[in-house]
Each structure stands twice: as structure tokens, then as C-alpha cells.
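Before anything else, here is the set of structures, which you'll find just below.
In the two assemblies presented below, chain A is common to both, partnered first by chain B and then by chain C.
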Partner chain A sequence: MSFDFAFALKIVPRVLEGIGNTLVVAILSFMGASALGFLWEIARRSNRHVRPVMQFVVDAIRSTPVLAQLYFLFYVLPYYGVVLPALVVGVFGLSFYYSGYLSEVFKAGIDLVPRGQGEAAQSLGLSRIHTVIFVIAPQMLRNVAAPLGAYSVSILKATPYLAVLAVPEMLGSAFDVASETYRYAEPMFVAGILFLCLALIAVTLVNWLERYLGVTTPPH
Partner chain B sequence: MTSNPTDEQAGMGSIQTVRGGTAVSIENVSKWYGNFQVLRDVNLHVATGERIVVCGPSGSGKSTLIRCVNQLEKHQRGRIVVNGTELRPGTKGLPAIRREVGMVFQQFNLFPHLNVIDNCTLALVRARKLARNAAEAVAMENLTRVRIPEQAKKFPAQLSGGQQQRVAIARALCMKPKIMLFDEPTSALDPEMIKEVLDVMTRLADEGMTMICVTHEMGFAREVADRVIFMDGGEIVEQANPAEFFSNPVQVRTRQFLSQLLH
Partner chain C sequence: MTFLQILLGIYEGFGITAIVTVLGLLYAIPFALLAGILQHFSTGAARWVVTATIEFWRSSPVIVLLYAFYYSLPAFGINLSAISVGAMVLGLNIGGYGSQSVRAALQTLNRGQREAGLALGLSRIEVLRFVELPQAIAAMTPTFINQAIQLIKGTSLVSLLTLTDMTFRAKEIAQLSYNPVGVYSGLLVAYLIICYPVTIFGRRLERSAAKGRGASHEF
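Right after this comes the complex of A and B.
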């Protein structure tokens, strides 16, 4: 059975049926993971008693398989009365898992902001929260744009994990075609190409972001 | 605090004139970094309108001392009272106290992602809750005061060191502080830019601002200071008015320090 290019083209629309969910899950998970990751990092820095606790939480998140976390959320929480739609669980699960990694990215990004920046903000009488929002975060964002872009692609590629929760997405659509036709090469190839296209779009967006952030601060 | 310190204190008589009241009281203050004691039982009272220059070799605790005044560093023993409020660990409303105390850093510490005018208005808008156009008016007024209004729309990286430091002074002045702290404001500058910054500081002193300046600019100390403080090993070794301090230092360590500055 050789690779049939005409068949590959023909099944593109069927594989594309899953792209909506793939995008929704990827975008929401990326936003969720960024928000949670930033929150962990701010909590980790807030005081010395919270720091070891948050460090443990972040390490624990990163040290357990994403599938274990997804299964836990989907199959175990209902025992405690928490029943959520599969898509919501999937988005929350991926957000949670990647928040562990993104908090480390934000940590490095904040470490790169010179100490004097926070001191200058404090000496002007800005509150802690205003210092973070208006002084630290914008400078951190410039430092983390590149790794943030890499993780956005990583999260995009992790969306097929949601198959275990029966959330229909792009790789799932491809798999459906495969099991109906007993041809695997073409659906997987098409799905791979489509993921590649999405990743290229994400990379382009990140490049724009980097250039935009660069514009406000000319190089020395 | 609504009036501008420039207006109410402008036109004061001679430089030696000192207004009544205490701006800063530092009493028996000690501080340690681990086992290393950086401040040893320091006592310093700064009257309102007084200009203090603090000098001493590096590692003598002079920067640490003024950083304790706005609690960028916490002291571990003793009392610090600023504008009538004692600063204790966990003092409530520290931001409010800091708004009354301007600070200028050796490395300028301008916000690189904001242009000059936004650097000046950020704290006015967010901490003082001024409307944006009112804040911009205050910012332009103070940028004019440091003679740099034409650079308002530029970013810090587009300015020379001297210009950046003048913006940093303007940014601090925007909060209408009662006290200004200067932490080696000219040490990171190229020689030809030192004068423009010292000129701004001298004018500020002439307007009656209470100032504590850590600096090695002995010409500035001679011309502007009411009192020169010499620190070494975390303690105040000697203090006197500039004439006395430079011509007739009492302590051996002070004489050694001054002789090293001269060559």
C-alpha cells in the first residue's frame, strides 16, 4: 500500500474538523498556563515562608505525567462531586501542567530584570502590585518572549492528549479517518502538516511580539 | 501636602539657613549582613532644609545608611523616624512614607520600557492617583526644572548618562518629596556629564530641599553642604561643617581619607 497523494488531499477537510477544538484548547491552555505560572512565581517570591511550599508545588506539577494529571481530574474528581465537561477538564489540565514550566520561565525572566528597577519603583511609593504590573512584568515579557513562544508550540502539540478524555481534536479526526479506511500514512501525514502550519503561525506571532516589544526600547 | 516645596521654600536666605523641625532622626541604628556589621550604632539627625553630604571609603556603610531611610534596607536595631513616622519592620503604609522621600540611584534606574514622561508620571498616576494630563503637567514642570523638557518623548536608552540622571532626579521630584536621598549620583557618569547633574543638585539645595547625598564630589560638599559626615567601618567617624571638615579634620581616619582624595 503506497502513499496516495490524492487520498491525502481528499481527507484534509475531515481532518480539519478537529482544528477548532485544537485551537480553542491550545489558546485557552496557553493563557491559563501563563496566568497560573505567573501566579505561582509571584507567590514564590512573595515571602520566604511561601517560597518552599510553592517550589514544591511547581516541582510536583512538573514531575508527574500530564496523562496522570488529566486522568486524575477527569476520573477522580467526580467522586468528590466535581463533574466538568471534558473540554474544560482538558484545558484546565494542560494549563495546570504547563503552568509548572512557565513559572520557571517567568522566574528566569524576572531574575533578568535588574534589582534597581524594583527599588526605583518602591522608592517612588508604588505598591508591590503596581510595581509588578507596570515595572517588572513588561520588562520580564521582553526577556521571556522567545521561551514563551516555544512553550506555545509545545502546548499546541500536547492537545492530542485530550483524546484520552474523548475530546475531539485534529489528531483524533485523523485517527477516525484512519480507522475507517485502514490507511494510516495519509491521515497522520495530513495531521502532521496541519500541526506544522499552526506551529509556524504561532512562531510568526511570537516574532511579531518580540519585534513589537523591541520597538518600545531601542537597543543601547 | 499640596503645595510645591519649590514655592514654599524658594528664596531662602543663605545656604547656611536651616529651617526648624527634624526631617530624619537616626538613633543608635545597627545593621548586619549575616555576621558582618554594616552599621554600628549610627546617630544622625537631619533638620528640615539641611543639606548633608556623606562620604567615606567603599564598604563604609554610607549607601546602606541612606537606603535605610526609605527602607530599601531594613535596620535591625535602633530607631529611624522620617517626617515624624517611625519606620519599624512591618510598618504599615510604607509606600506612603516613601512618596515623601525621593531617591536618586547611582545607576539611574529609569524604567527602560517607558519614555521619559511616562517614567515621571507612572507613580503620580498609580500611587498619587492624579489624572494623566495633570500628571503630565507636573512631569513637564520638573523636566523643565532639570533643563531637559525637550527629551520628554525619548526613551532612556536614547539619552546620555547625564541626561538620564537628570530625568531620574525629575522623576523623584514629581512626587514632591520633602527629603531627597542621593546615592552616589555621579559615580556612574562620564566626567564631562558630572557637572550638569551637580548643577541640578545645587539648584535644588538652593531651593531649600532637605538633602542627604552620598557622594565623592568634594567640591559639591564644600559648596553646598551644611554638614559633611565621614563614615568608615559602619560608623560615623567625624562630622563637621565643610570649612572645618576640609581644613581641620580631627580624626586620623578622616585625614587619611581626605589625603587619598587629593592626589
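Right after this comes the complex of A and C.
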């Protein structure tokens, strides 16, 4: 079977139907991963007994494949009677996987905030939660903006993993076309090109945003 | 099935996981070094070609690349086995990331190193071989370890090309007996046993490297 460029061109709109889900999954997973990652890092710093436990949790998350984590959530949750749409399971899975990496980003970001800031807030009588929310977090944001931007692109590129859970994102749409037409070469090729374009657009946007915010060089 | 039986059953796929990892490294390391060095030295059109090649391999989602090459290459008359496609795609994807660490490591070297080498009468190639590369490779080792872990984890994707790796074995066992908790926690533990020591090793290297330099945030 030879490659049919006319057919490939014709199915582009069909594959593009999944782009909405791809973007929704990417944005939700990025927010989930940031929230969880920040939580891990704050927990890691909370006291010396929790520290080694959280360190292990973060290392364990980073030491297992995202595919295995997705399968685990997808097959184990229903076993305990938790039945969720595949898209929601997928967002949980990607959030969980990337939270391990983002907690490291937050760790580096918080390390760069001068120690005196936290001590000053405490001596002014702020509670620990208020110190984190009003003093540490805002100053940390500038330090983490650039690596967070890079990870947002990574998360976008991880969204096609959800096709294995039959979530109708772009790779999923490509598979739909393939199973309807019994031709795999063209849909997979088109999906490849479209994802490459999407990723390059995302990289350009993130770079532009970094320059706009003036955070291009991560401070050392 | 006991948990131990499940774990041993999953490790029956270790051979494929290991082979794809090793073959992947054989693609990744030369590609990372070559592309990183070429991107550092080339100018004009040549640099554009090198950058486009690197960006192609590292900007596309690896799972999509895998499917695209697996299904589309035969349509162009190129027939490769699933192992070859898996190792090539995973390896070049990681190599694309690696090339950026090589380039960054070369760029952050002090200019004086090169100038001193040239002043001693070494040729430009010799300066690269004996002065710049050894320092750059030492600087990028922690990043390299992290990327090797990404590659090991990435091999789970070859299960989608129906290769019998550890992930594929888990899916097979899951069909034999309904025990999703045992099988899929077994799968996570199986990868954890392999990758966790490497993660800890990389973290230690990173800490000792960070003493001299700023810590790197990329993976």
C-alpha cells in the first residue's frame, strides 16, 4: 500500500476535530500538576519527619512511566467503584506524573527566595500558611516562570498518551479515521505533522510570554 | 496469583525493555553529541538544518512519532521491525533533548579554555576533543542520567507496538486473572525497582555538581 497524499490532506479536518480535547487536557493537566507539585514541595518542607516520605513519593513518581501510571488509574479506580470519564482519569494521571517534576521546579524556585523573607514574615506574626501564600509564593513565581513554561509544552506533548485510554483527542481522532478506513499510514502521518505544528506554536508562545514577562534567563 | 508471581511474570518482559533501552542509547548518545557539537559550531544554512533536525525529534510527542514511523514508513517502502522503529524513535527523541545539554555545556565553557588550547598550538579539533568535550561531558552527566531514566520509562511505549516488554506482560497477565490492583501496582513496582536507584544516583550527582555551578532545571 503506497502513501496517498490526497487522502492524507482530506483527513486533516477529521484529525483536527480532536484539538479541542487536546488543549483542554493540556491546560487542566498543567493546572493540576502545578497545584499538586506545589503541595508536594510545601509538604516536603513542612517538618523533618514528612521530608523523607515526600522525597520518596516525588522520586517514585519520577521513576515510573506515565503509561503505567495511566493504566493503574484507569483500571484500579473502577475496581474500587470510582467510575470516571476517561478524560478525567487522563487529566488526573498527567497531573500526577508531572507533579513530580514540577515539585522539583518549585523546590529550586523557593530555594532562590532569600531566607530572611520567611523569617521576617514569621517574626511579624504571620502564620505558616500566610507566610507561604503571601510572602514566599509571590516571590517564587518569577523564579519558576521559565521552567513552568517549558513543562507546559512537555505536558501538551504528553496529551496523546490519553489515546490509549480512548480519549478522543487528536491522536484518538487519527485512530478513529484509521479504523474506519483501514488505512493507518496517512492518519498517523497527519497526526504527527499536526502535533509537531502544535508543539512549535506552543514553544513560540511560551518564548514570547517569557520575553514579555522578562523571565527568559532563569536566575542562578 | 500472588504479588510475587505477578512481579516475576512482568519481569519476563524485562529482556525487551532492556534491549530497547540499550539500542535506544546507541541512537541517543551519538546523535546528542553530534547534533549538539554541530549546532554549536555551524553557522548560516547548515545551522538551520541541524536545528530543524533536532527540533523535529524533540518537539514531536514521542508516542505520535512512534505511531507515525511504525505505520507510515512501510507506505514509503521502508520496512523495519517494531524493535528497530521503537529504539530509533525513542533514542533520537531523547538524543534531541541530550543535544541541547551538550550545546549548553559547550556554550557555558569559559572562552579562555579554547583560547589557551589554541595558543598551545592545538588544532581546533584537538581543542574540542581534549579540552572542551571532557569538561562539557562532565558538566552534563547529571542531565544525561535523567534522560536515561526518561528513555527507560519511554520503552513502555513499545508495548503499544505489540512488543512483549514489561508493560505488555502486565496487560497479558491482567487478561488472565481479574486483579487490576495487583497487576498494575506490580507494574509500577517493577519499573520503580529499575529506575529508583538510577534516580537516586542522578540526584546525588546533581547535588555534587550543583556545589560548583548553578543547578540545572531541565530534564
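The rule we apply is simple: the second predicted complex is superposed on the first by the 161 of 220 C-alpha atoms of A that agree within 3 Å, B and C clash if a C-alpha of one lies under 4 Å from a C-alpha of the other, contacts with A are read in each partner's own complex, and residues count from 1 in each chain.
Following the convention adopted for this analysis, contacts are C-beta pairs under 8 Å (C-beta built on N, C-alpha and C of every residue); 3 or more make two chains touch, one makes a residue touch a chain.
Since this is a predicted model, take the numbers as computed values, not measurements.
In the overlay built on the shared chain, the residue A:139 is in contact with chain B alone; chain C does not reach it.
When the two structures are aligned on the shared chain, A:79 is found in touch with chain C, with no touch to chain B.
In the superposition on chain A, A:114 makes contact with chain B only, while chain C stays out of contact range. When the shared chain is aligned, chain C comes close enough to touch A:189, but chain B does not. In the superposition on chain A, contact is made by A:60 with chain C only, not with chain B. In the superposed model, A:123 makes contact with chain B only, not with chain C.
More residues of chain A are touched by C (comparison of chain B with chain C).
Common to the chain B and chain C contact sets on chain A are residues 218, 220.
Against chain A, in their complex, chain B makes its touches with residues 70, 72, 95-99, 101-103, 105, 107, 109-113, 122-123, 126-128, 155, 157-158, 168, 171-172, 175. By the touch criterion given at the top, residues 1-3, 59-60, 62-69, 71-72, 75-76, 78-79, 101, 104-105, 108, 147, 150, 157-161, 163-164, 171, 178, 184-186, 188-189, 191-192, 195-196, 199-200, 203, 218, 220 of chain A touch chain C in their complex. Residues 55-56, 59-65, 67-68, 70-72, 74-77, 149, 153-154, 156-157, 159-160, 167, 170-171, 174, 180-181, 183-185, 187-188, 191-192, 195-196, 198-200, 203, 214-215, 217-219 of chain C touch chain A in their complex. Across the complex, chain A meets chain B through its residues 114, 116-117, 119-127, 130, 134-135, 138-139, 142, 216-220.
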